[in-house]
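Labels run A, B and C following the written order; every chain starts at residue 1.
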Amino acid sequence: MLDSLSAWLALNIGEQASSWFDYFTNGKHLAWYASVRFTLLAAVFGALLAVVFGVLGAAARRAGFAPLRWLGLGYTTMVRGIPDVLVFLFFPLAFEQTVEWFMSRRLCSAEELATAVNWPPCSAAQWYLSTTEYLIMACVSLGIVYGAFAANVVHGAMNSVPKGQLEAARAYGFSSRQIFWNFQVRQMWVYALPGLSNVWMLLLKATSFLSLLQIADIVQWADRLGAPNYSSRVGLVHPDWRWKYYFVLFLFYILLAILSERVFAWLQRRASRGLALHGEH
Amino acid sequence: MKKLLLGLALSTLVGSGAAIAADVRIGTEGAYAPWNFLDDNGDLAGYEIELGNEMCKRAGVSCEFVVNEWDSIIPNLIAGNYDIIMAGMSVTDERKETINFSAEYYPPDPSKYVGAKGLEVDFDNLKGLKIGAQGATIQAAYVESNLADGNTILTYETPDQSVADLMAGNIDLLLADNSFLAPVVDGSSGAISFVGPDVSIGGGVAMGMRKEDTDLAAKMNAALESMKADGTVDKLIMEFFEAGPFFEN
Amino acid sequence: MDWLLDNALVQDIIELARPSLFNIYFALASIPIGFPLAVLLAVMKNSSNGIISRVARIYIYAFRGSPLFIQFFMFYSIMLAFNLSHWKPMGIAHIVMHPLFIGPMVLILNTSAYAAEIFYGALRTLPKGEVEAAMAFGMNRRQIFRTVTWPNMIRLAWPAYTNEVVFLFHATALVYFTLPVINGQKDIMNKAGELFERDYNIFLHFGVAGLYFLVISMFIFFVSGRIYKRLMRHIGTDPTTRLKLAPNYMR
């Protein structure tokens, strides 16, 4: 199909249009376009996990059991002091090492364990990670980092649920656990939505880190495509075009931000139907 | 070993998620034309890819190429991410301490300097220049130990970056393999040219393997020797580099 | 004393001390220009002139809507593209192509957008009565800005701006992911990565790196809290207006 389109362009518009079309639809470029899937998958699943961690973190913060409360507070305060990129890299590497540590106890000889200078101690304990595993870990990483933000939002939103509703539930004889999960958590979403939309925007931007976990994402392909090439054997000869490709990514992310804003505005309108919100418009 | 990706260089497994079905995995950089590079289709191509595939065929093993950034290409071989390195890697004594080398599949070739056209510097006394090389290469080792005094040395994660910075005038001189630079100089339409003397460092180019993999080394060496004997290697050198050095068997 | 120096944790804290100065430098170098630029952008966005307001709006949206990571890559290669045609003839190539220049440059562009949004929010919530009172006194626009708008804006925006400064400090972790390292000038992340590659102890090295960021962030909150107290002193010590360490504000 691409070929016939190219031929049509050559015939009707000119050879130049056709050759540019061929350039932008060559395998390398198609791989670049296709790598958007990693970005979107990481954003969507990272966000889902962030909401889960957010609710759990917020629940921990109001738990009756003090150590759990501290844990919740420690988790949500973490985002204040540590850069997202550090946590993003730390979790997958630490998880991988932990798995390899357990594998090495089982698979490596005592001698190898004692004398090894490299990690893992023996090659049998090497956990080889492909893009899929790294992508899953990237989602979890994003979930952990932005879950802390979401926990904060959720915590605040739970406080915004009208006390009258909760008191009414109590009067009907619901247990405090039921009240928490069935009323407070269920009712808080509409109050949490503006904050969660903010978290989503942050998470979306953090998907640009995927290449740091050896995932061939849009950033990595942009770097490859933009790199100067002086050999016709490799492909189109061109000088350093990296900034042009990065500019496309710059615009791509802005476009995603605009789209997300629209979707959240629509969600907010839907969610607030029939609700009298005080000061939330 | 797990390598952190710090810096512009990024690595990947080509054909992501490919099952580890092949007998032998070959690690390459995928950014070093005409040795190994990603072609227009995003597939690996180049001298080493053709050579490696033919060698595997003669050795009777199925092979798969894996892209790995240059910086961590030796540690990841040792860690078992792949079994062979074919990435334009010169044989050096230092590398021999950690890995094993096969017979050479590219004869020793001098390194060369390139600079902006018309650059005139005194090569007997290089001072006050910004000199670039790709990190963890024989050229980087050479400039760091011989030219660091009085000059600024910049090392790059990928060959492309070093060329980009040279073209943009961010470095005055770039030291690299002749075989890599020749097409760049040709394609630059006169913007850069070879300058100064040739620098002979390092041996020829060979496959890197783990020290314990002696069976694999023997098998691949035998295949390589047969390709040298019937002139296949020289033919491939001619095809990809358009010039010698040849083995001339 | 020796046992202390042999301790791996102490060793890491010492090793990362010098790199942390680079992160501090990047943040400190960005604030003196980023702050006034942000105020200017906020005033522009709040302007009644449609074109001025739109320019500021687009700038703020673009830099808040795209990842800093990409902005770093993009501006480095844009700077590189101008090297031969502009920086070299002007004789400033060795300065402007240096990461110690490009790092703060991109951070300034980025943080000014985020901070501008904060100041703009503050401008929108200024007490109308005070401005009207100032007008009734016959003050001109400049006087009103100096005596009413400016102090109120700073006071309203201070907690959120503090938060932005902390985020800016965290953003410095990205500089050497994207820019070349010259003469072994490494920041916390870079150094921690290097230490990690030596012995693969991620828990120790990244833990200490995180500790550095945590401690310096807390220090920023502490200093900012003291300044906030001064800003608010005429209002009296109202416990509810204390700068909270809980993450209330979002970047």
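Criterion: contacts are C-beta pairs under 8 Å (C-beta built on N, C-alpha and C of every residue); 3 or more make two chains touch, one makes a residue touch a chain.
As the structure is a prediction and not an experimental result, all values here were calculated from the model.
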Open item on the list: Mean of the CA atoms for each chain, then the mean for all of them together: which chain is nearest?
Closed with: A
TODO: Using the touch rule from the top, work out which pair, A-B or B-C, shares more C-beta pairs.
DONE: A-B
TODO: Just give me the whole-number Å value for how far the CA centre of subunit A lies from that of subunit C.
DONE: 23
Task: Geometric centre distance via CA averages, subunit B-subunit A, whole Å - done: 35
Task: Approximate Å spacing (C-alpha centroids) for the pair subunit B, subunit C - done: 41
TODO: Please set out, as single numbers or ranges, the residues of subunit C touching at least two other chains.
DONE: 73, 77, 80-81, 177, 189, 196, 200
Task: Touching two or more other chains - residues of subunit A - done: 89, 93, 97, 118-119, 212, 219, 223, 240, 242
Task: Multi-partner residues of subunit B (at least 2 other chains) - done: 1-2, 4, 8, 161, 164, 168
Open item on the list: Can you tell me which positions in subunit A touch subunit C when the two form their complex?
Closed with: 76-77, 79-87, 89-90, 93-94, 97, 118-119, 148-149, 152, 195, 198-199, 201-202, 205-209, 212, 219, 223, 226, 240, 242-243, 246-247, 249-251, 253-254, 256-258
Task: Interface residues, subunit A side, partner subunit B - complex - done: 26-28, 30-31, 89, 93, 96-97, 118-120, 123, 126, 128, 130-132, 211-216, 219-220, 223-224, 227-237, 239-240, 242
Task: Residue ranges of subunit B in contact with subunit C within the complex - done: 1-4, 6-8, 152, 154, 156, 161, 164-165, 168-170
Task: Contact set on subunit C toward subunit B in their complex - done: 73, 77, 80-81, 83-84, 88, 93, 97, 176-178, 180-183, 189-190, 193-194, 196-197, 200
Open item on the list: For the complex, give me every residue of subunit B touching subunit A.
Closed with: 1-2, 4-5, 8, 10-13, 16-18, 20, 31, 33-34, 37-43, 75, 78-81, 158, 160-161, 163-164, 167-168, 183-188, 240
